[in-house]
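First the structure, then my questions, so here it is.
Chain nomenclature is as follows: A, B, C and D, assigned in order of appearance, with residue numbering initiated at 1 for each chain independently.
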Amino acid sequence: MRGYRQRAVRASRLSRVAEAWGTLPERTRSLTPVVIVVALAVTYPFYVDSVPTNLPVIKTVPPLHDAVTILVFVMMGVGLNIVVGYAGLLDLGYVAFYAIGAYTAGWLASGQFEQVKVHFGAVGIPSSATGIHISIWLVLLIAAVVTAVGGILIGLPTLRLRGDYLAIVTLGFGEIIPQFVRNGDELHGFDLTHGTFGISPIDPPGFGHTLNSAIGLPVRYDESFPPTPDRLFFWTILALILLTLFCSMRLRDSRLGRAWIAIREDETAAGAMGIPLMRTKTWAYAGGAFFGGIAGAYIATFNSGAFPTQFDFNISVFLLCMVILGGMGSLWGVVVAGTILAWLNFDGLGNIGSWINTTLLPSSHQIDVPKYSFGIYGIIIVLMMLFRPTGLIPERRRKREIEEATHGGPLDQPLYEMRGADEPGAGERGEPGKVPRG
Amino acid sequence: MSEPAPTPAKNDDLLVAMSVRKEFGGLLAVNDLDFAIPQRAIVSLIGPNGAGKTTFFNMLTGLYKPTAGAVIFDGHDVTGKPPHTITKAGIGRTFQNIRLFPQMTALENVLVGMHSRLKGGILGSIFGTPRVRREEREASEKARELLSFAGLRRVDHELAESLSYGDQRRLEVARALATEPKLLLLDEPTAGMNPQETVAFLDFVSKLREQRTIAILLIEHDMKVVMGASERVTVLDYGEKIAEGTPHEIQHDERVIEAYLGKAATG
Amino acid sequence: MKKRIWLGALLAAVAVLALVAAGCGGSKKSSGGNKGGGGGGVTALPASSCNAMQYKGSGKPDYLVASDLPLIGGSREQTVQMNKAIAYVLQQQSWKAGKYNIAFQACNDASAQLAKWDPTKCSANAHAYAANSSLIGVIGTFNSGCAAIEIPVLNQAPGGGLQLLSPANTYGCLTEHCSATEPSKYYPSGSRNYARVAPSDPNQGAVDAAFLKSKGVTSVYILNDKEAYGLGVAKNFKGAATAAGIKVLGFDAYDPKAPNYQALFTKIKNTNPASVFIGGLIDENSGQLINDKVSVLGDNTKVKLMLPDGFTTDSVFQRSQGGTPKADGAYFSVAGVGIDQYKGAAQTFISGFKSQLGGKPVDPYAILGAQAAKVLLDAIAKSDGSRSQVIANVFKTHVSNGLIGSFSLNKNGDLSGATGAALKFTIYVGAANHLKTILTTSPQANLVAAARKG
Amino acid sequence: MALIGLTTGAVYALVALGYTLVYGILQLINFAHGDVFALSGLFATTMIGGAVFGLTDTSTTLGVVGGLTATFVIAAVFGAAVNSSIEFVAYRRLRSAPRLAVLITAVGMSFIVQNISLAIYDVNARSIPPLISGHTVFNISGVVYTWDAFFVVLVTAPVLVLLTWLVKSTRQGKAMRATSQDPEAAAIMGINVNRTISFTFALAGALAGIGATLYLVEFNIRYDTGFTLGLIAFTAAVLGGIGNLTGAVLGAILIGMIQAFNEGLSWNAPGTAWTKSIVFGILIAILVFRPEGLLGERTPEGA
């Protein structure tokens, strides 16, 4: 009885809290969860080590080092969401942007080019060191711009193509760039990429002595011990992600964002409404590439290296999986799904796998779960496409659309119109984008 | 049609198509068509299915490149220009089978139509500069006006696809008007409408005509609509112009009757 | 309304999470560092890369020693044995190095996606090592490419750098002067922190060249996989072969992911070589490569095939293991002597260690792993417990009658003045789908010098 | 060199046809096709190897012929079963979905099939004993052509002829062509569209099975062989004009030649390390500049 009363009291208290919550202004209400999540994230380095390692199934939360990698991948997912989610352009070679970003950092902040000696704002690098050493903060920006330009260069010839052809072409670029990186150690005798060795080490970020003595910012991330450099890397990527999310949100709600979504919805109509298709699509590429470039450069300085094996086609699909699982175009969906998937990839599958092996399976039949990670992502992709194409947290408009579909919406149109136009003869013979059906 | 509109300063036609021709492979869709739309006129294009009306439309709006011939709009050669350039020059359109952006709200649909009239750049949008914010605010206001002008009330935040069929047609026109066209092309706007909706739509068109400085080119099947709304009618068959004149003249043209009676049975 | 419920739910979830986190924070003291299992005095390395900490000595450990090896992929059999061997050495010393109690943690630098060592894992591990103040030395790596990534990170680690001691790396330029930037770029602090108990590839290149020469080979075509190890050993072999008077007809890369190499070998055939040397790994499409070599150039008695230690295992003949029986007749080389030829201390070790393996034969790499562990533990025993002193002591190592014979480590961290198994190589020939020992030999100094020049 | 190119090209052709057939009927790039190829190939190694037929290089000629023929048939049936199951499980439900969704699903299926191969056959490459003699067919001034290479062409050619006949002249073929032109009209005309599509997938899968067995005669296969190979074959299909059977074969042989010449010539060819880049470079160039492919201008024939 007492238990019941207590419960009732608690329930009434809860309902009172809920009531009070309801009276808060809309803006406060919608901002509160964001603030809480951000606060939890910012303080993560302080409590991560106190989380027990024997939780059921997942064992524990990711250690800080993995958390940094996870966030970098989430950032790439958010970048890809601009291309695939907003503009509806299927990019199967996003890893190319990642590679360009990473190698830009490699070129501009390491001893790779031993022929020259350029120093600009790099911290803790002896002035006698050969190579180009530019401040990582600047390198992040340069990498973003270089990658965006790369995105434009890749986009210009290819964005005229129909959706599935575009997917294939991006896939092609995604395959060529790693091979270029792998073989780029003897381009007419010039060592651009250092081949399979990769570029390593890459300078660490830091703020230098001036800022250190002025406001106590760390001189060099990898020298701050304790607390571990991972904390600094973690807070930095957190800041970068928040910035990315902010930009992505602003872009979505801008004139350009509307144009992207219009193109995704109906390319022909978008063109007829005065949207320059090529230019707008190219901006989507550039925007996605921009953030991919930052992420690539950041993980390069974090890992202190850029290696050709990092840029597998698998990574492109992995990122695509984040966007699909989260819901194409849905920013928060991509963040949540990205965090889950990246955690699975770097940590979770291993932990879950060992849990399965120790508790469910006999020692004679152990499964190496992480080995099948991409099979698992494949299953996620297919299941989502079959049963929940709008993703876990659908974009507002997409969610409405699904509800409509169950009642038989007035428009029996596909989610996306992949062809340039479906009117008779829209892409006539000989024009790019149209291939005779056979 | 009550008040006589002030006569435009320019006397020459708003749009002139000269010997426009379109071939698909071996198929001749539009054969050396000459066509003109006077300033502020309502002109109709009719003809049996497959006569080349929509093809002609698509050439005017840049969706197709003409095989030969030229299109002069408002004194500029727009032949073969991409759609967005033509839209910016002042031709707005609707589609035969409604092509709204289904998962955008009504308001957003109209805002997309304003794209070429807005200036907000990437950086301005990200940083939310006062100029961009003001522009966005004004654009939304104007979009709301357009919606209510088109007779769409309290649907600003409805998804386009959840609107009724008639409202979708209206929204498409509102979206086209948002491009600030001098010439509005309506491709079978009353197709699929019930009689009441058709009547309402005709009222809307005449209101449009009264309140805006705009010419209208109409493709229609419904003879009642054509005869009621337009000042001049052009009849196409097999890609060729077979007749042109006032609605009354057309109604009595033998070739037109033959073309319709001969083929109308199938389509 | 619906939105509010959602937000409420989210809020509740967040609150619960925070409570859990806080609660766990509170319980930390009572559970007393549950991260490591056995430990207490030291902080364990993250579980994402490393197995549970092992410590079976008395009291609490003072310091931690880690191993960094690829525990996924083709070399797993060997690396698992190496970890067992290290733990066995610690067990024999009662988990002590001098007065210090030492715990051990085995870390993995391979990923499932690559099925071999993964650069990102190497980098992540190295940073984790550097940041862990309990860690006083690392035994690893297995692959030279991985070492190239870890050395510079550990070189700048707090406390004057962290010792990396490899039982298996053979890439010469990690330690020896190769160019203006190699090896200096691996040591940004300017002082050394890397040593190895395996002979470097110039030695193997010299042995292979001398062996081919003795077989009457006059010309060779060299292929490599472009990786640190494969390219390195191929270059070393090239230098040694030239010095030995074998004509090098070509030096080419092959793509381990290519579907076939028929065209490549047709091109090679036009140079009419007496032999082919391949710097690569068994995991890198070796079956197809060797098949195509045989089908285009003829069998391995006609055009000799010389394969370095990246291929030297019986799997190279198994179709189901990615190999091919056509490797019969090829020559294989590997550092060390056959397991049955170890003498003295090693013999004792092998018979003792066998019991840990449940009947499996002892792999020569386990002996190298144990030797590395002994060298590192001795260095720790003589130190004051600081990382820099451990490094200094490693470079002063002089072992007499150790597991791999007698040897010192020179200022580069390489074996020097070695006698016994340390600098010996074994040459095998493929016969009836097995490796058959045909020769145990030592490298000739002049050829080693030539091999270094590439 | 040209002969090596021809052999490689012949195998590519069998895979490329699978892409073209499916693309022709659904306008879908079936990413999983390459992986079906790899899985069928691995399955064929089980057939040929110890467990089932136990063929070795010392088997009798009769044994080899019988065993190989049986393997061809079984691998073809296996490939057909896998490929049409994929269609049934995944693509069929998405018949009315946007093409982007189907394409993404295809990528997902590709990974699933690849991981099935991985689960069964692990990471190592597999091969079969040299069943077909490596002796010389002819030797013209040093240019050698061996039986095993010739065998590949010898099997591919009749398969191609048979396929062309099947698509052009049989009832089922006509149904395929009709469906590819206009599924709705085909349905109205009484064609069972679903069955026709299943049939097409089965046909494509059978080609992959045969191709994979042939591939084994010369090369080895591992779980991820299909991905790159599939892309190369797809390039071939695009090069020839996707949807065009003759074009696919021509494109495949051309790609085979380009590859062989790039890797085999001693003059300034970039070499084996760049092959993939060259193939994808061609793919991109074609899609950008001439998306209808080499034979695209002609009225598309076949499925």
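To be clear about the criterion, a residue touches a chain if its C-beta (ideal position, glycine included) is under 8 Å from a C-beta of that chain, and two chains touch if they have at least 3 such contacts.
In this text the structure is predicted, and so the values were computed from the model without any measurement.
J.: Please report the minimal path length, in steps, between subunit B and subunit C on the chain touch graph.
T.: 2
J.: If you tally the C-beta contacts, which comes out ahead, C-D or A-B?
T.: Higher C-beta contact count between the two pairs: A-B.
J.: Most central chain by CA mean?
T.: A
J.: Using C-alpha centroids, which chain lies at the maximum separation from subunit A?
T.: In terms of C-alpha centroids, the chain at the greatest distance from subunit A is B.
J.: Could you tell me the distance, in whole angstrom, between the mean C-alpha positions of subunit A and subunit B?
T.: Taking the mean C-alpha position of each chain, the two centres sit 42 Å apart.
J.: Using mean C-alpha positions as chain centres, tell me how far subunit A is from subunit C in Å, no decimals.
T.: Chain centres of subunit A and subunit C, defined by C-alpha means, are spaced 34 Å apart.
J.: Please tell me the distance, in whole Å, between the geometric centres of subunit B and subunit D computed from their C-alpha atoms.
T.: The answer is 49 Å.
J.: Could you pull out the residues of subunit C that touch at least 2 other chains?
T.: Residue numbers touching two or more other chains: 115, 226, 253.
J.: Any chance you could list the residues of subunit D touching two or more other chains?
T.: In subunit D, 273, 276 touch at least two other chains.
J.: Would you pick out the residues of subunit B that each touch at least 2 other chains?
T.: Touching at least two other chains: none.
J.: So which chains actually touch one another? I want all the pairs, not just one.
T.: A-B, A-C, A-D, C-D
J.: Would you mind writing out the residues of subunit A in touch with subunit C in their complex?
T.: Touching subunit C: residues 18, 21-22, 29-30, 32-33, 36-37, 40, 47, 49-54, 59-60, 62-63, 65-66, 69, 111, 114, 129-130, 182-183, 185, 195-198, 200-201, 222-223, 225-226, 228-230, 303-305, 307, 309-310, 312, 314, 346-347, 350-351, 368, 370-371, 373-374 of subunit A.
J.: Using the touch rule from the top, collect the residues of subunit C that touch subunit D in their complex.
T.: Interface residues on subunit C, with respect to subunit D: 73-74, 115, 226, 252-255, 257-264, 266-267, 270, 283, 285, 287-288, 291, 295, 319-322, 324-325.
J.: Residue numbers of subunit B touching subunit A in their complex, please.
T.: Residues 24-25, 29, 54-55, 58, 61-64, 82-85, 87-88, 93, 95, 98-105, 108, 111-113, 115-118, 120, 122, 125-126, 128, 132, 136, 159, 161-165, 168, 175-176, 178-179.
J.: For subunit C, which residues are in contact with subunit A within the complex?
T.: 4, 7-8, 10-11, 14, 17-18, 21-22, 24-25, 27-28, 31, 34-35, 46-48, 72, 111-115, 118-120, 123-124, 127-128, 130-131, 133, 145, 148-149, 152-153, 156, 158, 180-181, 185, 188, 225-228, 231, 253
J.: Can you list the residues on subunit A that touch subunit D in the complex?
T.: Going through subunit A, the ones touching subunit D are 88, 90, 92, 157-158, 160-161, 163-165, 167-169, 171-173, 175-176, 179-180, 182-183, 313, 317, 320, 324, 371-372, 374-382, 385-386, 389, 414-419, 429-430, 432-438.
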